[in-house]
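One structure coming up, written as structure tokens, with questions to follow.
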Amino acid sequence: MIIVMKSGAPTDEIEQICEEMRGRGFTPEKIVGSHKVVIGLVGETRALDPDAMQDVSPWVEKVLRVEKPFKRVSREYRHGEASEVKIPTLNGVVVIGEKYPLTVVAGPCSVENEEMIVETARRVKAAGASFLRGGAYKPRTSPYDFQGHGESGLDLLAAAREATGLGIITEVMDTADLEKVAEVADVVQIGARNMQNFPLLKKVGAQAKPVLLKRGMAATIDDWLMAAEYILSEGNTNVILCERGIRTFDRQYLRNTIDLAVIPVLRTLTHLPIMIDPSHGTGWSSYVPSMAKAAIAAGTDSLMIEVHPNPAKALSDGPQSLTPTQFDQLMKELSVMGHAVGRWPES
Amino acid sequence: MIIVMKSGAPTDEIEQICEEMRGRGFTPEKIVGSHKVVIGLVGETRALDPDAMQDVSPWVEKVLRVEKPFKRVSREYRHGEASEVKIPTLNGVVVIGEKYPLTVVAGPCSVENEEMIVETARRVKAAGASFLRGGAYKPRTSPYDFQGHGESGLDLLAAAREATGLGIITEVMDTADLEKVAEVADVVQIGARNMQNFPLLKKVGAQAKPVLLKRGMAATIDDWLMAAEYILSEGNTNVILCERGIRTFDRQYLRNTIDLAVIPVLRTLTHLPIMIDPSHGTGWSSYVPSMAKAAIAAGTDSLMIEVHPNPAKALSDGPQSLTPTQFDQLMKELSVMGHAVGRWPES
Amino acid sequence: MIIVMKSGAPTDEIEQICEEMRGRGFTPEKIVGSHKVVIGLVGETRALDPDAMQDVSPWVEKVLRVEKPFKRVSREYRHGEASEVKIPTLNGVVVIGEKYPLTVVAGPCSVENEEMIVETARRVKAAGASFLRGGAYKPRTSPYDFQGHGESGLDLLAAAREATGLGIITEVMDTADLEKVAEVADVVQIGARNMQNFPLLKKVGAQAKPVLLKRGMAATIDDWLMAAEYILSEGNTNVILCERGIRTFDRQYLRNTIDLAVIPVLRTLTHLPIMIDPSHGTGWSSYVPSMAKAAIAAGTDSLMIEVHPNPAKALSDGPQSLTPTQFDQLMKELSVMGHAVGRWPES
Amino acid sequence: MIIVMKSGAPTDEIEQICEEMRGRGFTPEKIVGSHKVVIGLVGETRALDPDAMQDVSPWVEKVLRVEKPFKRVSREYRHGEASEVKIPTLNGVVVIGEKYPLTVVAGPCSVENEEMIVETARRVKAAGASFLRGGAYKPRTSPYDFQGHGESGLDLLAAAREATGLGIITEVMDTADLEKVAEVADVVQIGARNMQNFPLLKKVGAQAKPVLLKRGMAATIDDWLMAAEYILSEGNTNVILCERGIRTFDRQYLRNTIDLAVIPVLRTLTHLPIMIDPSHGTGWSSYVPSMAKAAIAAGTDSLMIEVHPNPAKALSDGPQSLTPTQFDQLMKELSVMGHAVGRWPES
């Protein structure tokens, strides 16, 4: 249930309502917007009568029952305002959000060795990326495929950050590794296969680093938002939702079906910022540029693009990786689109 | 099998090869490109040896076996060149193709009455559309829903053309109605539910009007291209492929999943022009603008948008229809995107 | 809306209610069950108040609003009783229905020549089949594949009937061919690709032969029942619903995903009899036996099995066809299962 | 690569080959079948020439390259023979496998309290179940839903085992909980959402308790077998594959689409035993009996059925749970089917 306060409601009055709600066994959460204050009530609110709640204070504007299964991630929970995720990096704070310029994340699927990751970081930074992606722990369909360098891969990412100042986004697959990953990562990634790994969601929700939550291959939008809700319900509100393609009946020419219509849908449902990953979304580097441009046109807040110095020899996901030179070219094309929608960063 | 002739191959030589191939029981088709001539061989070519074919003439550059199940629709069949569909309308010839400005088709789901269809035609023309869409024969899930006005609906479309000069795109559902529909339609539409209605495909392939072939809800790209192949194999090469959303596991917020990645995929597989229908593709008018822009950014050749003077009272598909005023606004936004990709028509 | 009459309601009273309903603009349909009479009201009944309807006569037991989009096919429409389809054949009337022994339909995908179809008919009859299936008009993904012998194929089916007395089930693809097909067919089949070919549904609904309605590859159960509703709404109530596999994300080892759970679901929703086609449902002959047995265990009323004298040389669907010898063996296995559920025909 | 030894190959010869293979850097695994010995070679075998391998010893019958991505789980790896999983319980060893009588697992979704779990255990044991299922750690879509009692839930399962002697099957969701779960569980379950939680798969592969591996909602058969391969590659060969329904486009009447055709497909691909869960597979208790019977007819080795003393008040999955009385009735029906296929346990 959500209590929307009138404009100018005094702080005391708001505090008193929160107090009263705590007394009734609910957890009130105060969201201070630019015009109004909203109090979110978490707990067993089904039995509450919204009309009766109205009478709690003359400063209550209206009381809304949230019909959706998700609550803290819902747009109503912030009274319609978007949230943004602010990420401190060596190169300064980067903000991902609806009212900010586009952010580009780039890098290889896996961290392979120091030279390749540092070199890739330099190239993608020069082209305009703000974040380096790269997996130290890799979820692979086969146990016989390269599983990532694990802890030593994290060290290589740290070296790449040192060399370039880029923020680091890397995946955590196991609760046991979270502490180590969060030490290096500026944003902790939950992969598609772990989108409903609830113990992991709870743990990333209980630590401080922002979280990139990839959509599961067969996750409905509701499933995805509920997974985000797990993170927010543990206290971490810095969550970015990343679409990376869903599984459908046609996999002949495309590894996944990239579901770009989630962009306008998520805007109406949630305040959280959005990232699109056309590399996994299509599975083939030659289709990445058109889908990256489409994502910008559709209103995404950020993009994740796989870049590898030598895709033909990549230890994973080679076919969907751009070369650094292709990425340079892509960024030029994206800037045209980014300017057209008024969201390309000033250089 | 495809025989690529060297540049400058004499016409006589080409004719002689065609003659020889006819003698061997194949149907040769000559495609004259800007630089080269290609001969497509239709028939049971599996037993032919491409190397031996090379020796047929010194002017043969190379002989390619088409591995794909489709042949006439394949990009190789035209030696990599795009085809375009030229449609004469009262307002002049409109061309839909990769090297031409974007074309916009707009109008209601169903033709309801003369006033509404003429009024809608005027409004969408004023906003920049080149074609009016509108169903006289309507495929409806329920037999108790409005089934379209049929033949008299065609008369109303003819009136709208008379009033505005717009080209008319309307659906045919039954071979028995094709003649009547083709009399009025400038482009005959095959709907998603009939994409594999093979007798209908053959019949539209054997008449002269261009064909808009919508993708079936569960059609793979190969299925779709083979359906187009049916039309081309009967002689009609003027086919436009229209993506309108596929059926996937998540239908909570979207009627279909719009598969924009088909745009770059089709570019590599086929020479045929592409249309995107974000109205059916999403099912909700509020999601149409972002997907229309995304389609342009991804490289579509044309768009189909549902517009209804009063969506709340529409006899079909109201929720996904824009009002004329919303369509005006959308066209302004699309022009920004269209200019960014260099494909907006000069006004 | 459905009016359930009390047991023993006099015929006069029932007629009078029907008369009154006609007066109000509805089309009443009387369904005489073994205990009760039910009147189905077709028309715009949304505005009717069920409680007020109750007062129309003291013999009205209750008035139900049908919430489902389908009406005539709904189980409530027959007050919970199953319907059956009675098909006269040269060998006598065969009944397909929930309270009758299992019926087996067998035969090749396509009718290839007289010898093969007559020979196959003899073999499947000897093994216990009641119907011969075989396509004269074939829906094929590619225009270059065998399209069926058409009209002369129908003659061959007639010859097979003459030779064996088996009932004939064959597909119609075009409204223009219906008359010819219905002359030979004892049951007219609508294929999966035409499940929403509404003009065809209306035409088979307006003729007398029973109809086998295959489920579309991406048809929801509601879509499927609405397609059946089209047929019933034109007057033909003899419809059998045939599940033949749906399209899902995994097509590596199976051509389709056979959805056997529709059996118990359809039982609750509709009175129509059910057929299962494990040949198309799996796409591979080696998987047919286990799925045929499973279908019987789950409660199907009939089975359709592809049998070809020489699957390796079949002009279509070879990989999913059993040889006559394999079919003999299968029927023995099915009889064990059929006896276990008490539905194997007395020999 | 797989080396099939001739019948009667001497042990010394086999050992010597294994030695030589180790010398070349491979990990040989000896599988002793009833007639023959097979040596599986794990490692980078792509460069090996099967013909050259043949010459290693005159006792080599043939050398096969495994084309499938999975190796240890493949049927060829055991030279075509099924494996079985032997599970010691207080009531004796229960064997799940293709050549053994059917095993039934029953119990509630979640362990709620001691009385309910012990009572349920007694009832399902009396009806013929060999295992009790029940979740202490529950994966729930919403963070606000009951998450299971965790560690204290495990104590309640231990109490139910003490009271009835039934084997215990319960889910582990986090590597951090595995030790505790494995202390109580006779079979450790990996749920559908964790099917590609690779750290968890590795950890259950490195401990001794048998593993029930549920298929992910959008997992292809290859994905699923590769997940099992992770477990086997760590040394644990006691894996049971459990189908529990996949996600498809139609979710109106069924929570999932139960994919029974995996039964014959898995038989050809893998030696591992199979379990079917019609409760999750359909999502509604009224559809469970027909799908349980179908699974037996199709050849499953075991069934998992949800049973709750009071489904209407269940803390999770109530709609798909049978009452103990309904389960009694179901077991009677299943015994008819089980006898028909010759796999019902002697009582």
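For reference, chains read A, B, C and D in written order, and residue numbers begin at 1 within each chain.
To be clear about the criterion, a residue touches a chain if its C-beta (ideal position, glycine included) is under 8 Å from a C-beta of that chain, and two chains touch if they have at least 3 such contacts.
Note that the structure is predicted; figures quoted are calculated from it, not measured.
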| Interface residue overlap between copies subunit B and subunit C, same or different (over half shared) | same
| task | Could you pull out the chain whose C-alpha mean position is farthest off from that of subunit B? | result | D
| field | Centre-of-Cα separation between subunit D and subunit C, whole angstrom | value | 37
| remark: Whole-angstrom distance, CA centroid of subunit A to CA centroid of subunit C, is 49
| field | For subunit C, residues that touch 2 or more chains besides their own | value | 218, 222, 247-249
| Which subunit B residues qualify as touching subunit A in the complex? | 218, 220-222, 246, 248-250, 252-254, 257-261, 263-265, 268-269, 281-282, 286-287, 289-291, 293-299, 336-337, 339-340
| Of subunit D, residues touching subunit B in the complex | 218, 247-249, 251
| Any idea which subunit D residues touch subunit A in the complex? | 42, 69-71, 139-144, 147, 173-177, 193-194, 196-200, 202, 216-218, 222-223, 226, 229-230, 233, 247
